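Shared between the two complexes below is chain A, which has chain B as its partner in the first and chain C in the second.
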Partner chain A sequence: MAVIRDMIPAFELFQPTTLQDALALLAEYGDEGWALAGGLDSFDWFKDRVKRPTAVVDLAGIESLRGVRPWGDGIEIGAMTTLTDVIENEDVQSRYGLLREAASHVATPQIRNAGTLGGNLCQDTRCWYYRSGWPCYRAGGNTCYASAREAMNREHCVMGARRCVAVNPSDVAPALIALDAQMVIAGRRGERVVDAEDFFIGPAIDITRMTVLKPGEVLTSVRIPPDYAGATFYFEKVRDRQSWDFALAAVATAMVTSGGNIQRARVAVNGVAPYPVRLENVERVVAGRPVSEETAEAGGAVATDGAKPLRHNDYKVALLENLVRRSLRGTEA
Partner chain B sequence: MAEQLIGVDIAPPDLVAKVTGRAKYAEDFRAEGMVFAKLLISPMPHARVRRIDARRALAMEGVVGILTADDITPVDAPGEACLTMEPLYQGEPILAIAAVDETTAANAIEAVNVDLQPLPFALDPLQSLRPGGADARTEGNTYVRTQESRDFQSLKWPRSVFDDAPPGTLPMGEPQTEWTIGDVDAGFADAAVVIEETLSHQSLTHHPMEPRSTMAYWQNGKLYIHTSTQSVARTQAAIAAQMDLELDDVVLIGEYCGGGFGSKITGSPIMLVPAFFSRKLGRPVMMRINRYEEHYVGRARPGFQAWTKMGFRSDGRMTALDLYIVQDHGPYGLSGDHNSAASTASLTYQPENMRFRGVTVYTNTPPRAAQRAPGGGAIVAMLEPLIDKAARELGVDRVDIRMINAPADNEAWMGANQRPLTSNFVRRAIRIGADQFDWAAKRQLSGQRQGTKATGVGIGVSPYSGGSSGFDGLIVIRPDGRLYIHQGIGNLGTHSFADTARVAAEILGMNWRDCQVIWGDTSQHLPWSSVQAGSQTTHAHTRANHAAAMDALAKLQQIAAMDLGGSPSDYMVDEGRVFRRANRSRGLSFARAAERAIELGGRFDGHELPEDIHVMTVGSATGLAGQGLMGVAKDNYGGEGAIQSWVVGFARVEVDVETGHVELKEYLGSADCGVVLHPRSLAAQIHGGAIQGFGMARSQKWVMDPKWGAGFANRFYTARPPGILDVPLEMDWVAVGEPDPQSPVGARGIGEPPLGAGAAAITSAIADALGGQCLCRTPLTTDVILAALEGREQPFSILDAHV
Partner chain C sequence: MHDVEILTDREPSGYSRRSFIKGVIAAGAGAYAAGYMFRAPGGLAALPSAQGSVERLITLNVNGQRRPVDVLKQETLALTLRYKLGLTGTKLGCDRAECGACTVLLDGVPHYGCSTLTHQVRGRQITTIEGLEAADGTLHPVQQAVVAEGGFQCAFCAPGFIMSMVALTASNPNPSREEAAQALSGNLCRCGDYNKILNSAMRAAEYVRQRA
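== the complex of A and B ==
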């Protein structure tokens, strides 16, 4: 069949106003259904006719999925809250600057105005073989083109590979892992809550999905506990150009310090594995140590334990190590 | 006194339409009964179409027809047709289907079965030159033109050429092109410092904002075509030639063009699909090109795999330049970027001895075309950091080494035949640029570290073509007293269609509000013009409009003398009147003079025309005859030498030594382009071109899988042209402003040189931040810089293409 790109084929559009209706529609259409958030990832798939759902369930009309509200001493952010609204929220700015920083590095102002927090978390990988509609493992096929001998894999993973070497492209995901956030998921059978770091899955668990969301499930909100509110934060995203580009590697670190010592820290990175990676070995190394170049060096040194670069992305190992080290110096990006 | 028009800012006449969205680009037009076409493009880099089965598509409701290569006029190789049965690159159009709406046409394309026989393909010129390497075309991998013959050739270098080249060094077999000035070996023998490096520059797509959409229909045997094109008069002529039509049988409408950068000089082959299709169907056909298709059919700058050796005396003077370029040619045409690169290098450094050797190799990658400073922009971006290297080794200041090697005023030569220039003042541009940038202070920052940020300052000297001559001007003063300036050049956003018209207004003493520029529609009687490319129009059409205005001025003076006595030279013009120098009240309004011209007829109102104007201008002037006082003339001002403009770029960057991230802190472009016609427009060129150069130097390239021949940088976000956050907050400019003495107006074009200046200033500044380490490749992406900083293996070999 000939390839047509940049032209969305027809589909049936549903615009429910309640979560229950949305879940019912997604259940009804099963594999033929598609939950639509801001559309920045979805429309790319539709335009390229690689993913062709017959029914699209637009979540934009469900008010309960929007907004930032208190959640105990923390906050809860509706999954359909736009990234711009996340960035401009006072609580996010004053207490969770790490999330604000990460969200403000997403793409462009226009995309942040339309793109949602949930959409950014649930977006698919940008592996160009997969996005081009090639029949790779992730697409249900039986090979990985990106790890082939001559393949173009400068932007692919250095850890977490298991047949697939794509990377997770989300900027906000590592920030939410560092903030120890929880993901609230709704399905026909009710609600479940998972830790941010467990929300994302690698190919070893399911090579066709980026998250634990099962067909018919919807991410409804993100809960951020107060544990790291106002902590020392560091976010940095390295990319080839400074807007509308995905991370070659990104780091998000939250540190609680006392008397110049790191009491506890959470460190997460993205762009280096098929899922955002929490670097618990780094956290262990730095916990209890003074904020210093030596501590940063020690943390950075273990950041890439087990990293295995592909043919063209050896630089990511150095980049990751350096980013983690910088993030532990106790200064802002 | 009428207002001053040359050297002042104006709001161009298309401004309001553009900012309000009223400007109609090709895809905004509609015609009764119009259908939409979609393309079926090749999924393979090289294949033969064995069979097309479109029965299912043609049976779909709303589908009105199919166009294949059998329906179009064949094109002789190595030329490119708009549809083919042997696609030579992934993305090449094979057929088109039209339907009542675009979605139906797209769905119909998906229903077509095309049986393709895969053929061997070549993506990398060096691989194709190896013994047994694939040829991109069935006829060969290169095209040889000699005085005796022109033909394809399958060029292979002996295995020893490759075996003898150390890793990362360009293999250099027998070249296709070779020229020498002086004796390079003697030059190297004289040198105190010799620099030798292998260099690479990646291919990159033009990606103008507006893709090349076209709508066409036929009426009474005439083709009406709305298309996105840089030029107008010349595109009409190109379409007529390609469609085998008389010039009069093509009406081209192209008032606005959303950028071209050389990819739409006279349109492009794909615009002919709606022309052929609408003739076949008897209905108007619109074909909108989307961004994905634009990547493939939209043209690209050729990549270079190159090598250089340069010798310098102890004072910094270049004694010898040896240059070898292997050019990636794409699959079609005859592109000479490598030759332009060599002549630009010769001009920039005026080496005492020089040798150039080059080969162009066809590849199964998207077609190449001129891209803003073709060849020249790429070579200065590659060589300028090496000039810095020599300066460091010799202990010569980096500005001084450029002053030493840049030609003195009006003493330049370029290319194999050492052609002189009409004029040049590049040393002044270097000096005033260095002063305004405060080079003396900024160079102190070189290599300084603040935290993880290392500062680098750089310079890029960039000449490129800035004009042509011999075209026609056509203006009419009508009885409404207004001046109508007919422009056959295009409007691709540079304002030159308006800026060059102001010359005529100034000569005739008109206020700009009393002038109207007629452009963008060949039914509006346009004169024969230069292509809107190669930075030709400012030079060519200030001269052509000057000639037409001088003709009109003479006619005004003659009419005044006839009616009011005295001799023509007793009369002058200002504020829409022609009057006696000695007695301003004794004169005629232009409105009255226009009426008198019509009464007098003959040459006064266009019923008699000069014999030397182009046949196209004859047709247009004849169409306007009798409407007023006509100024019509060919630019016969003459001139000797190549017309070249210069920009010298100065940049300051900060390189983060832990991430490879480069931040551009400030940039200044200093221009030598003759008289400044329109300062704001000049600033837009100096800065806009530099920004395009930043993209070439830092982020833009293709990525192709060598096993499958498929490309991935086919979207804006993967092609990575620079965004606004990649542009320094501080951007400045300055211009020498010295008139070119060989033009009556003194202005030269300025579209091209800013690109090389921007790119080279950045490559120079990055090398400076790295302590003088030249990575000798563009683009200098984050990974390349970080790998160098960390002493790790580079992601790709310097000679790898499309990575």
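== the complex of A and C ==
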């Protein structure tokens, strides 16, 4: 992994200023092309020689992909907006504090200054067997090294596995699912919009991809509706170190309460499955119940239904139940 | 090809380790290092360029100076600064956005030089550790604070930490120790000198406030 191997292998670099030009370039190069956002995921791949694109299309020069703007009564955030700009945005702070919390837990200040919202959502898994270039299922091979008998899989998944046991590393993904956001995707044949929870896919759908993005498609913006603006939010990320690290498990919960009762809630977790998981069974259990320790207990009890831990990660089951429980008490982290 | 600035020797002996190293780079040993870093089958310089891709000859704004430089498309800012411009104060530790030794300021904001393509910083103000001191050689208040506190042990990480401290004290000249720790959380010190580094950051803020 962290071994310096001098220069990144050569590639062509394009810096288009319009989305149309970027899409045309990505279409032209097909599998040999690479859309570059902040680079914090991409450069690791390039430096390790595991991914070697012929042409890199830098999206940073496309002004329309940046910034936070009104969208109806909600907001739309350009995919190339840096995480720092998301954190410092007044609308995000005042109405969507859940996203602010999640974004401010990403990595380090330097990474948040360069890393983008879209890049954080579209980043690949950090399973080290896969990242090191081993020919696993996700890399197109025919085995999973992380679930082998001797494998080190403390950081891998406890649910949603299908041959691959890697986890989605994004911190902002569960927050956007809890806020019922939508992802806007542009391709050569036009635009499509998918719900945040459907944007991420597990190995049962396509083992080589983390999202519904097809080659040549670009995530252009995220739309957050007003439904959960100003709701009761809770975000917590558990990691081995207090900076830099990816989540061992993270929870993002948005609750609309009235008279001490939970009217509706959305609960999403990450770091526990190959995709961020919306816990609809928890949402159903707590809806209509008072904000109380009993409700939190009831929600936590069903949070890990069907979980199947690996040899070294059964702690994640208890961790996840407790995180969900905490998130339902109606208090800040 | 090595457009190296000439350092004025300010040390009593008229001779410093840094100026010796810079002299060596200027004299051609650096050409060997650059030859190693920039090697490729057939030579990277000979690679053809696709139509519409970026121009290799660019001018960077580094520490207030315009620096014309020939930059490969895949070249990171840390490599350009160290091996093309001779600004070896910016360190390469992990080369994976994991240690912060390569931290430089882009328009005043800290970034990892190892994880930024040089072609992405055209038109931006790049500040490295070499650009902090005044024209007369007076150290930046942050550097003075680090000297006063003896802030580092081996100090390989110091340039990166100091750049983060400069950004912190510019945006928040009165930080709490907790806020300073947050601002420096993207830099690693393997000597484990964090307490002294935080003392330096707090004193740096004090010096910056005094100067304002």
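Definition applied: the second predicted complex is superposed on the first by the 326 of 333 C-alpha atoms of A that agree within 3 Å, B and C clash if a C-alpha of one lies under 4 Å from a C-alpha of the other, contacts with A are read in each partner's own complex, and residues count from 1 in each chain.
Rule of thumb we're sticking to: contacts are C-beta pairs under 8 Å (C-beta built on N, C-alpha and C of every residue); 3 or more make two chains touch, one makes a residue touch a chain.
Computed from a prediction, not measured in an experiment: that's the story for all the values here.
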| item | value |
| --- | --- |
| First (chain B), second (chain C), both or neither touched by A:L40 | second |
| Contacts of A:Y315 with chain B and chain C, given as first, second, both or neither | first |
| Touching partner for A:W128 - first (chain B), second (chain C), both, neither | first |
| Partner touching more residues of chain A, whether chain B or chain C | B |
| Partner chain in contact with A:Q242 - chain B first, chain C second, else both or neither | both |
| A:D6 touches, of chain B and chain C: first, second, both or neither? | both |
| Contacts of A:L323 with chain B and chain C, given as first, second, both or neither | first |
| Contacts of A:R289 with chain B and chain C, given as first, second, both or neither | neither |
| Partner chain(s) touched by A:E150 [first = chain B, second = chain C, both, neither] | first |
| Chain B versus chain C as contact partner of A:R209, first or second or both or neither | neither |
| Chain B and chain C footprints on chain A, overlapping residues | 1-2, 4, 6-7, 9-10, 108, 242-244 |
| Chain B residues within the chain A interface of the complex | 38, 40-41, 43, 102-103, 106-107, 109-112, 114, 290-293, 452, 658-661, 698-699, 703-708, 710, 712, 716-718, 720, 722-726, 781-783, 786-787, 790, 792-793, 795-796, 803 |
| Complex contacts: residues of chain A adjacent to chain C | 1-2, 4, 6-15, 25, 39-40, 43-44, 46-47, 55-56, 58, 60, 84, 107-111, 113-114, 242-244 |
| Residues of chain C touching chain A in the complex | 36-40, 44, 47, 49-50, 52-54, 72-76, 79, 92, 94-98, 100, 103, 109-112, 114-117, 119-120, 164, 182-183, 185-186 |
| Sites on chain A touched by chain B in the complex | 1-7, 9-10, 48-49, 108, 128-129, 132, 145, 148, 150-152, 154, 236, 238-246, 248, 312-319, 322-323, 325-326 |
